[in-house]
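For reference, chains read A, B and C in written order, and residue numbers begin at 1 within each chain.
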Amino acid sequence: MGNCSQRCNDYFCRPKNTNIRIKLPVVCFTWQIAMIILFGVFVRYDSESDAHWPETMIQNNITSNTENDFYYRYPSFQDVHVMIFVGFGFLMTFLKRYSFSAVGFNFLIASFGIQWALLMQGWFGSLDPSTGKILIGVENLINADFCVAGCLIAFGAVLGKVSPVQLLVMTLFGVTLFAVEEYIILELLHVKDAGGSMVIHAFGGYYGLTISRVLYRPRIHQSKHLQGSVYQSDVFAMIGTLFLWMFWPSFNSAIAYHGDGQHRAVINTYLCLAASVLTTVAISSLSQKTGKLDMVHIQNSTLAGGVALGTAAEFMVSPYGALIVGFLCGILSTMGYIFISPFLEKNLKIHDTCGIHNLHAMPGLIGGIVGAITAATANELDYGKQGLINTFGLTGKLQSRSPSTQGGYQAAGICVALAFGIVGGAIVGGILRLPIWGDPADENCYDDEVYWEVPEEDEENPDSIPPILEYNNHMIHKQQEISESNFSVDHCGA
Amino acid sequence: MGNCSQRCNDYFCRPKNTNIRIKLPVVCFTWQIAMIILFGVFVRYDSESDAHWPETMIQNNITSNTENDFYYRYPSFQDVHVMIFVGFGFLMTFLKRYSFSAVGFNFLIASFGIQWALLMQGWFGSLDPSTGKILIGVENLINADFCVAGCLIAFGAVLGKVSPVQLLVMTLFGVTLFAVEEYIILELLHVKDAGGSMVIHAFGGYYGLTISRVLYRPRIHQSKHLQGSVYQSDVFAMIGTLFLWMFWPSFNSAIAYHGDGQHRAVINTYLCLAASVLTTVAISSLSQKTGKLDMVHIQNSTLAGGVALGTAAEFMVSPYGALIVGFLCGILSTMGYIFISPFLEKNLKIHDTCGIHNLHAMPGLIGGIVGAITAATANELDYGKQGLINTFGLTGKLQSRSPSTQGGYQAAGICVALAFGIVGGAIVGGILRLPIWGDPADENCYDDEVYWEVPEEDEENPDSIPPILEYNNHMIHKQQEISESNFSVDHCGA
Amino acid sequence: MGNCSQRCNDYFCRPKNTNIRIKLPVVCFTWQIAMIILFGVFVRYDSESDAHWPETMIQNNITSNTENDFYYRYPSFQDVHVMIFVGFGFLMTFLKRYSFSAVGFNFLIASFGIQWALLMQGWFGSLDPSTGKILIGVENLINADFCVAGCLIAFGAVLGKVSPVQLLVMTLFGVTLFAVEEYIILELLHVKDAGGSMVIHAFGGYYGLTISRVLYRPRIHQSKHLQGSVYQSDVFAMIGTLFLWMFWPSFNSAIAYHGDGQHRAVINTYLCLAASVLTTVAISSLSQKTGKLDMVHIQNSTLAGGVALGTAAEFMVSPYGALIVGFLCGILSTMGYIFISPFLEKNLKIHDTCGIHNLHAMPGLIGGIVGAITAATANELDYGKQGLINTFGLTGKLQSRSPSTQGGYQAAGICVALAFGIVGGAIVGGILRLPIWGDPADENCYDDEVYWEVPEEDEENPDSIPPILEYNNHMIHKQQEISESNFSVDHCGA
């Protein structure tokens, strides 16, 4: 410890580098105040949520308040909202001593992210030209949730290895990159991606993986004993899995075209996810000597179908097409956990705590490809004349774009998402390496103790603990004290 | 162990009969591929989810995309979906070491079941006569979820005692039987059963109970130490209970007649369930020496009201009628747990892990009877002329059927459901007795270890375990090894 | 124990005063039968849920069944329903050995409360003048859930210290008081309070706090070892927190004016809650020496924004206004947990188990004030002429009431809610002090064992427990027996 401090800068080697008592509050307060100011300058209600709506109704010959778009988007929004906060949050509780951080940090960064996303997406998308204001309604809330999903995916790659301050920084840049990337893909290239295979999953996945690569910890094995699940934590994680799985049809249909578009997106996603479950179970069982199932696969790969149908969900992929996509994605995603994740860690030094490569990045790419192919082969026979226009929005200036050209643009969208994820992740990863963010020491990774007041263990009847156990507890506390006093030492060699 | 093997066939007595490494993947892959082929041949989008919908709109004078039935069924569908995957899944996590299987197998068989149900119900119900295709929309998804509910109920009776392969077989036949039974009851007999008291609950209940009878294990007491709950598992189970309870109004109204029908079904179910809670608590408290409540009753009998109003929810049972049904069902269901379940096990050799007799089978019968009586006493004064037609659908050829005749048909529906459950269960039970499905040995029932990679126990600070505990762990592991090595031995005497 | 019994009445000092085997069933049965009778006399379906709806449609020129209000209220209702049963229920599971009671008693009293609320709110609100009947539809169900929310808030203050019988009594009077208070505030004073800052949260908060004051136990420290959380129970509580947080936009918008009113209420609540999360995290981190976060704050104070926007959610507070409210409430609520709760306990003898003062009472008052100010400053420029009428309902006789006058009435509403909470709480607290309700002894507070059959602890492999642990278990059980035999003794000195 003595000579180590000579190799580091003073700040970095001081005994309690995980003390975030100043950093975290400063970031939270500053950013929240910035949000208030920016919202004050830029954000207003859109016409359907403004009290002047009755006048708008008269102008647009709307006869009933129930024609407000609120009623046709809000149920989908609530499902998406549950996916963001309960789905992603609980999916990551699988680690034995990191459930507080999983749910709590997910809560924190999503709450910040949705505010920043409303601004960023507003500036790039729904800025009212006459007033220069961002006009928000329920569809903007859905899009903000979507945007945050990309950052939460990235969180999965670095879970347990970063501080909440780092996560907030990662979210700030992630949302910013997302909004630009989304603008390029959806607006400039006019690519369709209602469920975000490319825009959300591929981008978020590679953004997180690249950051994880930059922040690679060669001595992460020092907290190996915490990098697994316990029985209860695996059951908690299934809450996340199931809410993601059940509401994924809402995710893929939430901003699809009203009517048959949303309807079809739901049916396709529902079928695709069901097929994923069966092939995930099959491969998981095959991968073990005695055919036992692995909870990691069930928790994650069952969802791959939803990711992979993100782009094509609203297209006429037909029910059996959706089943085929789910069939393949369940297989590939599970194999990813068995073969690719160890490979990435060993050969590319990418440590991916939640396996987001297998759940988001790779299925996201597949989703982009499926979307490109389906778009390229679209025709009036399958869609009808008006159906083709409604689904692909090829009107006005885009009228001359043929389906096969659209397929090419779709493929270009994949590349943009990938580029933003990897380049953005490299830059943000570099920023996160600065020794000022309060990240945990290698031996304290995956441990809630670092950032949370964790309750004492349950002794059931603490007043009846016999001497032998009391002694043990005493020893445990003593060890904890020791480990607390030399936090952060391991960074010295980095 | 030596001479035992002489009494069995070789396959059955081999040391690791619970190895499902070949069986489970083969079943999953084969069936999923079969689904893809059958969907390719038979399943297409219905008019409201097809991209040709704009043309349909013009033909039918529909002016807005928001008139798509999607918007009026989808919120109900999502609630039902949550009931199927989180509700049923978590309700069964109450066993101390069977939560992975409860949630995981529920997930697996429901995912297979909904696909097969779309086909079976399609062939019997929504086959388009001109094209020979099954046209699916959101209402079909709801019906598929309903169909699967029947199989999940049956799962509750055999929970912990069968292999996932057996469960898949049980679901395959269960869905098949369900679709035929449903067709006879709803289409041929024109019986009303929107919430499925007869079609889902009575059928599923007796199907499961009969299978459990056929698979009776005289030496199940060998795993008695695992056939109970622990504190945390009971709390997990309450997640299932509450989501079932809260969304049951959506279940009973999901496919009811639009407008007042759905509205009334929600109100009736809401009230009925509330009354069930109070009488369940009352009987549970009465049944214990010191008035303490039993979690098993709270987890299950509180739901009996929802089951018992499945048929009559959309009828004019009036609010107080709904309360009376809930009042009685809470009492009967709780008494079922106290008196009937032990009786069934002791005298009829029906071992019912989750007590589905008390939660589904018996309340399902009550529901059928309530429905028959309510239908028989329906009149124009209570319903109005058009209301009577909307509610009972007695138009066209059925115009001459009087309410009292309808009541008779309703009663006939109960018998059909019962017959399908018992006869079907007996046949399927026989199939499941074949020694090829990898079911667990008597002493390994209710144990996730058999089919899951279960994480090592949490030692909190594994590096600080004092010698005495390490020794204990060592002993535990040793015992596990021993028990693993003699899996399946107990079957020999069967 | 001997001379103590001379100071008490016989009933109160008998060894097992927590035996509720007669009391609880009697209360449940009597009240449920009363509900059935009263519903039989008073409650009928409203026009939209009655089978005569087709005739109503013709009378009102309604052309489609999907114009039934059911479709525009039901998704919100379901979200509110989830908040009441899962949200409140699981939020209170944080105590290490009181999760059964938290979820179970919440379930019981809410189920009774919604029935009684339908009657009480019906008599005061929706009584049909011509028939003298209460006509119920989905909006009544939402209002009943709202009413019960007030009682569940009060439950939070006394959590762990009362019997289920006391809770039922508390709910009976709580609902009664609520209905009268609501009638005075909303109908007589014509105050707007769609999300119930005053009517629900301030009332419920002070009702509970006053009861807790009256039931103050000077020797509650005797069960101090149970008055904390364990790791798993904190994760369970986060399920409650998140479902409350996610669905709060539905809560505040559920009965707002259709169209822009509901739409705006959702946006405002969404933003306000997001801001609360960041400032809660900031203050929580600041409050600890090393910047660690406290789960109690994250579980509760993150929700304060939703409470504080209950009144103003549907007003034109503007997006940044919502953020400011959330910003301040996150700070104040967290500081409440750090400074005010200890103060209340030490100086005012108010012991507040869940900290409802900081989550409901204080933010409820803030919400009332925010509403009064926003109402007083409302003008035609911001709302439009019709918008002002729709939002504040100042038509007919109220036409002459100016916004600033309305602001004064809003302020008066706060006082009414406060007065009902405090005076009502004092009276009900006095009733609950009667020694007949089976409340737990001071040393048995926060313990499920008193009212529930709690499963034996999980020994993982019970047959392999080594002698030393068996001995410990033996000792634990012995201690339990001892403690069971002298239940209730501690009351003697009171």
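We take it that a contact is a pair of C-beta atoms (placed from the backbone, for glycine too) under 8 Å apart; a residue touches a chain by one contact, two chains touch by 3 or more.
Given the structure is predicted, the values throughout are model-derived calculations rather than measurements.
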item: Chain A on chain B, rotation in degrees - Cα superposition, rounded to nearest 5; value: 120
item: Copy pair chain A, chain C: interface residue numbering same or different (half cut); value: different
item: Distance from the mean Cα position of chain C to that of chain A, given in whole angstrom; value: 33
item: Multi-chain contact residues (two or more partners), chain B; value: 71, 75, 232, 239, 457, 468
item: Touching residues (chain side chain C, partner chain B) in the complex; value: 16, 18-25, 28-29, 31-33, 35-37, 39-40, 43-45, 48-55, 57, 64-66, 68, 70-71, 74-75, 78, 81-82, 85-86, 89-90, 93, 97, 99-100, 103-104, 107-108, 111-112, 114-115, 136-138, 141, 164, 232, 236, 239, 450-458, 460-466, 468-469
item: Sites on chain A touched by chain B in the complex; value: 67, 71-72, 75, 79, 96, 225, 228-232, 234-235, 238-239, 242-243, 245-247, 250, 257-260, 262-264, 266-267, 270-271, 273-275, 277-279, 281-283, 285-286, 288-295, 298, 302, 316, 318-320, 323-324, 327, 382-384, 386-388, 390-391, 457, 468, 471-472, 475-476, 479-480
